[in-house]
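Which chain is which? They are A, B, C and D, in the order written, and residues in each are numbered from 1.
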Amino acid sequence: MIVVGLVLVAVGTVLFHLLSPWWWTPIASNWGYIDDTIVLTFWITGTVFIAVILFMAYCALRYKHRAGVRSEYRPENKNLEWWLTIVTTVGVAGMLIPGLFVWNQFVTVPAEATEIEVMAKQWSWSFRKPGKDGKLGTTNVRLVNADNPFGIDPKDPNGQDDVLVDGDNLHLPLNKPIKVLLRSLDVLHDFYVPQFRAKMDMVPGAVTYFWFTPTRTGTFDILCFELCGVGHHAMRSQVVVEAQTAYDNWLNQQMTFKKALAAVEKRAAENKQLASRKAAADIVATIAAD
Amino acid sequence: MNIIEQLRQKPWTAEQVRIDDAHGGRAYVLPTAKLGLRILLTAITVLLSLFVVAYSDRMVVSDWRPLPEPWLLWLNTLVLIGSSVAMQRGLIAVRQGRIERFKASLLVAGGSAVVFLLGQLWVWRQLVELGYFAASNPANAFFYLLTALHGLHLLGGLVAWTRLVARLTHGDTRRLRMGMELCTIYWHFLLVVWLIFFALLLYS
Amino acid sequence: MAEVGAEIERIGPAEVEDVELYHAKSWITKYVFSQDAKVIAIQYSATAIAIGMVALVLSWLMRLQLGFPESFDFIEAQDYYQFITMHGMIMVVYLLTALFLGGFGNYLIPLMVGARDMVFPYVNMLSYWIYLLAVLVLVASFFVPGGPTGAGWTLYPPQAILTGTPGAGAGIVLMLVSLALFIIGFTMGGLNYVTTVLQARTRGMTLMRMPLTVWGIFTATVLALLAFPALFVGAVMMTLDSVLGTSFFMPTIVSQGELLKHDGGSPILFQHLFWFFGHPEVYIVALPAFGIVSDLISVHARRHIFGYRMMVWAIVIIGALSFVVWAHHMYVSGMNPYFGFFFATTTLIIAVPTAIKVYNWTLTLWRANINFTLPMLFALAFIVTFVNGGITGLFLGNVVVDVPLSDTMFVVAHFHMVMGVAPILVIFGAIYHWYPLMTGRMLNEAMGQFHFWVTFLGAYMIFLPIHYLGFLGVPRRYFEMGTTSFIPESAHTLNEFITVVALIVGVAQLVFFYNVVWSMIKGKKAGHNPWKATTLEWQTEEVPPGHGNFGRELPVVYRWAYDYGVPGAEDDFVPQNHPPKRAPARAAE
Amino acid sequence: MTEATKHVEGQQHPIGIYIKIWGWLFVLSACSYMVDYLHVQGYLRWTLILTFMVLKAGLIVAVFMHMLWERLALLYAIILPPVLVLVFVAIMYYESIYTFVTRQLFFSVLTGA
């Protein structure tokens, strides 16, 4: 019975793997190496798993209890144990070493990568790109308010031409390496697009990063991958990967920090005129509410 | 015997059986209670050093504004040293069987530990009056945290001390001596902890 | 071995002073405020299983939501997050840790090393009552305004104490207080387990003659004594952040449009502290399982454990290494990315001693004489599920592979297989194995078979497919997937299937509980040593063992714990306390 | 320790073991010099040099200070936890610097805020 059970588990597992329609979504970035490392890991570990179960099944079949039989008395077998240790070590090294090489690529951002910033807050995304100067302005959380949702330092010249994308999807040009700088205003979040394979947590009080190159055009879902409160599962956006010209078109329509500031100032001037009228209206409203 | 060597024994072989059969059952000659205390102190050491790690990690950040050092802290430190010295004298006395002297030292040790705790509370009051609240700066927060932690451990020691005093009335000298040894080790340990904390607070 | 003529004279004098045994004076001190380790063990186990049932019911509610997202009005997003948090925390800390160390540790350590009781019985009793208090505080958090915390069992700040998270007020504070209490209580118990193993063994019981169960529990306790302080530090500092508004872990934050007072803290510091505790913690629940399963396999396969010394070393090495791998939970946390090299290497190195353990379990079966009793079945099922979960750990440990898999359902599948299924199967096996000792009766075999097959195959069917959801990219801790382009409709069908199986497996546990109660009254009488085991707990005068464990005299040990199938011996096993060249072992009645 | 074996075999150490250890110490020292000689730089350099140093120290403690063998078990038990905590300390040290540097790099300082 248990022999059948064990074999069933081994065969069932393999069959499930072969027949399963659930597997990676097709990749859309340069991180094919990650997929390769997974496949390699899969083969090494999968073989060991099946081998261990089948060995157990064999023992269960062959050494079932029989009256009058004694088990072998041989407390250890040094050679066997050494061999098993060495083979396992080789197996582990075979997975680890390629893995570390890929990780080295992962943490080494190419010099030509353009920076973009993704900013998270409960429970929405916004994005910022450097303007013509190619540099993002520095920020401070204390500067964040309705008029300056990114908290950009107005005194930093690098920040003036930054392109702000608030409430729209993120657009990226095809085949250009990108360094994604990640920032959060409140709690931990995590920026992940399954097709890109790369993700990183966003930590308030710090800026984290990862890099990748989009290799396929299309529209992909952005999901938040770190528990961030009741809205965690609903914290979505999309990223559109498109050819350079389409991308440039999109970029030109976006608001820059300078323009945003100007708009704010204009509004402030109008507001001053409105202020007195509004104050009067407020009083009326409060009275009415009572 | 070396632990590595012990772990290399083959308990099923005839030679090893001969050795093992002579084994008396315990790993250390230490009295059990002392070993228990040492294990407890190891755990406490890990606990306190992790606090210190967190402390130094946090100190790097620019918003760290050190506290003033109340002179009272120096006085408290002296009192605590006195407490430890009294403990040690008590231990020597109990070893020599001089009960009266032992009683006196024990009371002095406990009394000065209480004085130390009151002194620490006084320091807290002073700081609060000066407006150094826990929430206003991490340096303050750590100061309150570390002193509280040390104080609580000392309070725990005082519970053991009280039991020792209670035992004094029974006059069970064998157990008195063991209790006194344990208390003394613990007292010295807490003194060292305090000196480290104090140095850390001065350093910042 | 049997032919060695080691005479009785060789046995050294008893160095263990016979402790002043604690004697109960009344019913209350015998059964309630008892200082007898065996009673404390039962108290611990009963409390742990009771609170574990809460966690089990929570897992059904979670599965219902995941399988049928739109159908249950009473499960809102905030409820769901509270469910997973309490489910995870209870299962890991309040059920498994308490049951393995407080339950099995208390029952088995003194009996297996030949001691009359734990060395500090009074502290041992306190340990249980503080644990109970911790559980009550935890339960209380269900009933405070805002409910229990919904921050995930990892309790990461700033989220855990901000308003966007359910239970951010009273819930999280009670959780932290309860954890602090648990740690204090555990430290008291742990002090006992370690000191008892070191100082209270009976004559002839060298370290290397101890059964692996004792080794596993002993090492796990040492780990716990060193790891829990890290959680304590994190819990205390977070409590202060939450209650006093300090900034240990809290940076400057704009929460839902409002600038908070905190400034400068580092959330990642908490993660380091948490996982410096958290990773050893997963081995704290794994090592006792390793130890126990070794003994189950050996007894029921009627063969010595293969490579005993390697097994001991592996336990010790895994224990030590488990302190230098913690940041493999933080590969994508935004910590210094260069740490990835170090932690990936240490993490994968741990696989080697673990693999040796797996090999030795299977090699014990080789040329054995296997009885397929219930404990044996559970042990085999443990190996299958543990290896499955262990190798998925290798995926996650290899830092690049973790990047896409982290925080997906793959991680959920990994740790359920390796922690939620494998050690639970060992617990069941252990209960079937030691129930006769604790009650004097056997558990019913037919009910046991049913329970085994449904639990083993069912649990495997629940968690194997979840890996594939993880590959697909389904995130963990999602109240519902909503519409997501890369997730096909078939994945929802799969989720429904998993939910149905989980409910079936859950209901099958009722059979087990029924069996436990029924057999207490109607079960077959077990007699002495029904499994013909060599270890000391089966050699007591009375079954179940009475007060003081071993009649008037402590047993004396003459051999290691694994003398099964000794050539030339009369029986196929020789109990540890049987002197050489004397009457053969007393056979089972 | 009272593992009552002091008078039993296994306590004398054949001279061969000392020679072997000398050999190992020599090899380890050679390794350290090689690190220098080959101009290995950066983190790797210090990692290697420290590793060799620790190995040497371990050997010396384990063998030459055999007077300590009686108490060595105690020593290990006492040393191991602090070593583990030290790993934590080292990692946290680099981590705090990393946090500090990223904050300097990306966040503007508000004077007078």
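We take it that a contact is a pair of C-beta atoms (placed from the backbone, for glycine too) under 8 Å apart; a residue touches a chain by one contact, two chains touch by 3 or more.
Note that the structure is a prediction, hence the values are computed from the model and not measured.
Trainee: Report the chain whose mean Cα position is at the greatest distance from that of chain D.
Mentor: Here the answer is chain A, farthest from chain D.
Trainee: Counting only C-beta pairs in contact, which chains form the busiest pair?
Mentor: So the pair of chains linked by the most contacts is A-C.
Trainee: So how far apart, in whole Å, are chain B and chain D when each is placed at the average of its C-alpha atoms?
Mentor: Centre separation, chain B to chain D: 28 Å.
Trainee: Cα centroid separation between chain A and chain C, in whole Å?
Mentor: Roughly 32 Å separates the two chain centres.
Trainee: Where the CA atoms of chain A average out and where those of chain D average out, how many Å apart are those spots?
Mentor: Whole-Å distance between the two chain centres: 37.
Trainee: For chain C, give me the residues that contact two or more of the other chains.
Mentor: Only 12, 15, 206, 226, 264-266, 268-269, 276, 304, 308-309, 562 qualify.
Trainee: Going through chain B residue by residue, note those that touch at least 2 other chains and give them in order.
Mentor: Expected reply: 6, 10, 12, 18, 22-24, 26-28, 42, 46, 50, 57-58, 61-62.
Trainee: What are the residue numbers in chain D that touch two or more other chains?
Mentor: Expected reply: 2-4, 81, 88, 92, 95-96, 99, 103, 109.
Trainee: Which bits of chain A are touching chain D when the two form their complex?
Mentor: Touch residues, chain A against chain D: 138-143, 153, 155-156, 181, 183, 205-208.
Trainee: Give every residue of chain C touching chain B within the complex, in rising order.
Mentor: 1, 3-4, 6, 10-16, 114, 119-120, 187, 190-191, 194-195, 198-209, 225-226, 228-230, 232-233, 236-237, 240, 244-248, 261, 263-266, 269, 273, 276, 304, 308-309, 312-313, 316, 558-560, 562-563
Trainee: For the complex, which residues does chain D have touching chain C?
Mentor: The touching residues are 2-4, 80-81, 84, 87-88, 91-92, 94-96, 98-99.
Trainee: Taking the complex as given, what residues does chain B use to touch chain D?
Mentor: Those residues of chain B that touch chain D are 1-6, 15, 18-19, 22-24, 26-29, 42, 45-46, 49-50, 53, 56-58, 60-62.
Trainee: What part of chain B is in contact with chain C in the complex they form?
Mentor: 6-12, 14, 17-18, 20-28, 30, 32-33, 35-36, 39-40, 42-44, 46-47, 50-51, 54, 57-58, 61-64, 134-135, 138, 141, 145
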